[in-house]
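Each structure below is given as structure tokens.
Each of the two complexes below includes subunit A, the first together with subunit B, the second together with subunit C.
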Partner chain A sequence: MSPLKELHVLEGHEDCVWSLAWSPSGDKIASCGGDKTVRIWRPLHGTNEWHCAAVLEDIHQRTIRALDWDASGTRIATASFDGTTAIWLARGEEWECVSTLEGHENEVKSVAWNPAGAMLATCGRDKTVWIWEMQPDHEFECVSVLQGHSQDVKQVLWDASGEMLFSCSYDNSIKLWMEDPDEDDWVCTQTLSDQNSGHQSTVWGIALDASGRWLASCSHDLSTIVWEHGADSAVPGKGWRHACSISGAHDRPIYSVHWNCTGDLLATASGDNSARILVRDQAQKETSFQPVATAENAHEGDVNCIRWHPKVATVFATAGDDGMVKIWECAALDTLTK
Partner chain B sequence: MNGLEDIFDSSLDLEEKHLDHGWDQGLRDGEALGLKEGWTLGLGKGFEIGAETGFYAGCVAVWAHFAQKDPSIFSERALKGIAALRRLISGFKEMDTEDDELQDQLEKLRAKFKAVTAMLGVRHEYQPTENASALQF
Partner chain C sequence: MGFSTGLAISDLNDYIAPSQSCVVSLNADSKVKLEDDLDSEYGAVKLHSRQPAKQESAEKKSDPVKISLQDCLACSGCVTSAETVLLEQQSTEELNNKIEQGFKIVFSVSPQSRASLAAYFKTTPKQVFGKLTTWFKSLGAYAVLDTSCARDFSLIESAEEFVHRYQSATAGEIPMLASACPGWVCYAEKTHGSYVLPYISATKSPQQVMGSIVKRYFAERHNLRPQDIYHVSVMPCFDKKLEASRDDFLAPAASGASGEAPADVPEVDCVITTIELLSLAKEKEVDLATLQPSVPDQLVTGLQGTEELHGAHGSAGGYLEHIFRHAALRLFGRTVEGPLVYKTLRNADFKEVALEVEGKPVLKFAAAYGFRNIQTLLRKIKLKKSEYHFVEIMACPSGCLNGAGQSKGPGDTPEEAKQFLEDVEAAYYHSEVQSRMPEDNPVVQQIYSEWLDGPSSATAKGMLHTQYHPREKTVGVSISNW
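The block that comes next holds the complex of A and B.
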């Protein structure tokens, strides 16, 4: 009895799929990739058959590397190698590009809406993280350009309060940014690098669990690290410390990591074509994780992105170099840890 | 007897004497050349940084001039950004060139300039022309 079941295969992209995002309610998936399009997938009304409901195209000139759905489910932001970020608005079943943000000097690698949906963070190969604020009529004003990483920035991520912004980079570090009222600007409050037992190579992905207490990061160094925010930390934005390192689960770079909605399962996606599910080892006093399920050859090629369903703790989706998006179901936690 | 020994003594360590002499001369010449190279590099680097920060100062002067005439043409945030840029530029001018922070401050200045140009919707980029590095005296 396999603990992982492939539920649906979404075919349609004409090149590798780099990233995917579930809609806030989990009724749709948006994916993007090398074919410069975003595809919106949903089950055909009244059925369990997933199909492509919309194709968002003709805006970006190059690969769309990442996308993010805002909390209202009506806007999607896309980050492209063409150096721009596009904002798409849902009009019924159709989507319209209502704005384009310019500023990065070259490829934009990630984009994230803050929880309130009023601000956007982007990052890219120019080593900077940009924060934008939405104005009336979908105009965006640049709030700040954050310099600090010494290399390509791979992903940006907000915490649930919208007060902390995380970024990870080719420079092997993860940085935390917060607004400093004295400086009237965003500043880096903490850097997690090999100085605090961090990664030895590019950090490809980061994920925060729902409680905001645990941060997972995955890397080119073949490991996944879980960081903990000390409850006793008096100064916000400085209390992160290394909790545990997970090695041996993958033998190729790990490109994506994500916590499920209940925070008890961690999923990783790798260049070894597999997706792995890890569970916290409750028996150990110290934080430790055990792999409990693997989808070997989840894709015919690198698995670039893995994302859990926002509401269902056992369903997740993956995107790969093979141009496919797949939806999977995992056995329940108690079955996995038997 | 002594006279004979003296004559030969001086030729015994002739090689060593020549080595020492050569070493001293080399050290002196090397120092002089190094100083000259260092000075040229310092001058060049200083000029480059001066040209870049001068460019930013010039942009700020133009924007500040228009903002003074009509503050409503820029957003609240852009006005704050221009003021912050001004502070950063004057702070930079006061810096000790030996200060390790110099590079960090320059990066901060560049980032702020990028942010303000994005806020204003202009695409000013500091692009030094080829001539900037061809110092002629």
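The block that comes next holds the complex of A and C.
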């Protein structure tokens, strides 16, 4: 029996799907892409049949590249190539755009709410990372505009405390940002580049595991790297080091990486149309990961995004250039590693 | 060369090393999955980006396209490096050439540059200004002037303009936004266009007021033709070079004997930043520390009370402070005593102050320095949620004393740099720099009555005011921006 099972295929987007995000409780999926829409998917009441419950459209003028739910599950932020970030608020099943954020010079590539849901980070082709803070009535104040990357910034990611912000870029590096009270601003505290045995090409995606100790990054250089925060490092925002590089799993660029909720499984999605599940090899003393399951031709085209269910350790979803969103079930860890 | 954040982000100085899009088009082999590939509007570009073009790239790199600084200013992207152009047109080398060619060199020194140099040489602003005068004269300078006088004009005109806007407040005129920072103005023109421009004060910045006076009033009084003067401005900021290059800041040249109409000349020919000045001193092996000071020149000679330096409240020229006090008195008959009491907002670079009359805030002013605070403010204005009547906007955190063209001090560490900035502030507010209302400056009074028909007159507006232009995206930009 295959360890991976395709549970649902969510059809509706009229162009490639760039990104997907599970709602915090896992009861819904939001997806976005080249058709400039966001689609909200959920099971029909009382059934296990997923359908499209809402379409968020007519705000963005170009591709919606990424989106993120806030912690309450009532707001979605969307990042678009039109240079804006939009904030959508759910009123029952209806979604309303309550705010748009301008400022990026051109394409916005990623957006992320901090865990408390009051701060929003965005990044884009203008090489900058922006931090906004939400005020009452969906008003936003600009907290910081961070320059440091020398190229397009692909993704932003908060840690669980909301005190650390990660970004990854076309300049092949990952940067960590923290607020410096002396400077009254956010500053870069660490850069992970090829000088730290890092990536040789664009870093497309980054993900933190639930413990916050492991950071995974995936790249155009066909590798996934796992970084470890040194337990001996007392300084937050520093002390990340290369733990292992995983090569050979994909033969095309890897666009997306994600840890499951227990931190046992790592999923990667690639331009080779496949999704792979990796597990840490406990037999080895050194940190290493082994592929344990593969969905070849998960999509008919690049797999752009892969995200685990926030609560269920064996369910994940993928989004692809074929315009589909798919929900998958993976065998349990003990079966996979048997 | 470091421009302020707004300009850096809007790709002004981005093209010596081609920006990312250029890299893709030139090295199409490696990183082909641009996300833009699948964006239908950009389909044509996708084909281009996948063509192998390595030879072409070699040719292009060896033979960069050259365009003028005006071209850069007139569009919201650019094809080649603004830096290269700036370095060629406004550099210490060019200054050396002009000296050799026998131009009458007039230096205008900003108080912020003076404060930076005073801190650097651990002396006072007056001493360092005197030393600069000695050095510039030894280079053959015709005159060495203090920009503070032009700032007084700028403050008076801004205050008058504010009162006028407030009294005739129609939508679009309030809040008035300060215009002295060219980084901010250029950013507003390039990326925010027509909705924000009507709010920007029409009053020229001190540098350009100085330019107006030097190339017109001063030239006439000294029997010089505007084109014979090479006007050098010593500034805390690289963005000032952009400002000096604007078409709005030209003075008519005197016609020659044969009656031909010569081209207009820039009011300010060359902007040298504080750090460029320090390198020039090093290159010329001039030790400013040991030079004996001499007495700087005056725009008007023979007046009493011109021998001391005079300062303004606020590192960014004192616009907020002056306009606030002026408006409180003119509009509400209130004399604001003592230092203004600010309320700090999100960070130290965003603060506000209000005048209350009968418990109601009738004047609400803010200072917003740095790119992030500009964003918050512009957002409020765009959504019509701004409660401010006037905002002193500056592109640099901490204002002009911390300008990108200022010396960072002799040390290397962030702590040393921080201490140095404090020293610069101390020098800026040095006790020998006397506080004075701009109207009380005898030079200002003399020039207003002799040349300008008084503050805010039609003549004064002609000489001391300017206008702004939205920079629409051009075809060239859409290509370079894909």
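The rule is simple: the second predicted complex is superposed on the first by the 338 of 338 C-alpha atoms of A that agree within 3 Å, B and C clash if a C-alpha of one lies under 4 Å from a C-alpha of the other, contacts with A are read in each partner's own complex, and residues count from 1 in each chain.
Just so it is clear, a residue touches a chain if its C-beta (ideal position, glycine included) is under 8 Å from a C-beta of that chain, and two chains touch if they have at least 3 such contacts.
Worth saying up front: this structure is predicted, and the values here are computed from it rather than measured.
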- Clash-or-fit label for the pair subunit B, subunit C on subunit A: clash
- Message: Quick check for you: in the superposed arrangement, does A:T128 touch first (subunit B), second (subunit C), both or neither?
- Response: both
- Message: Once chain A of both complexes is superposed, is A:W18 in touch with subunit B (first), subunit C (second), both, or neither?
- Response: second
- Message: After superposing on the shared chain, does subunit C or subunit B touch more subunit A residues?
- Response: C
- Task: Once the structures are superposed on A, label A:E141 by its partner contacts, choosing first (subunit B), second (subunit C), both or neither.
- Result: both
- Query: Which of the two partners, first being subunit B and second being subunit C, lies in contact with A:D184: first, second, both, or neither?
  - Reply: both
- Message: After the superposition on A, what does A:E107 contact: first (subunit B), second (subunit C), both or neither?
- Response: second
- Once the shared chain is lined up, is A:P253 touching subunit B (first), subunit C (second), both, or neither of them? second
- Message: Running through the overlay: 56-64, 146-154 or 182-190 are the candidate stretches of subunit C; which one clashes with subunit B?
- Response: 182-190
- Message: Let me check the overlay on chain A: which residues of subunit A are in contact with subunit B and also with subunit C?
- Response: 102-103, 128, 130, 133, 141-145, 147, 184-185
- Task: Show which residues of subunit B lie in contact with subunit A when the two form their complex.
- Result: 75, 77, 80, 84, 107-108, 110-112, 114-115, 118-119, 123
- Query: Which residues of subunit A touch subunit C in the complex?
  - Reply: 15-16, 18, 34, 62-63, 65, 81, 101-103, 105-107, 109, 125-128, 130, 133, 139-145, 147, 151-152, 170, 184-185, 201-202, 220, 253, 271, 302, 321
- Query: What residues on subunit A touch subunit B, complex-wise?
  - Reply: 102-103, 128, 130, 133, 141-147, 184-185
- Would you mind writing out the residues of subunit C in touch with subunit A in their complex? 5, 8-11, 20, 30-31, 33, 35-36, 38-41, 191, 346-349, 371-373, 375-376, 379, 382-383, 385, 397, 481
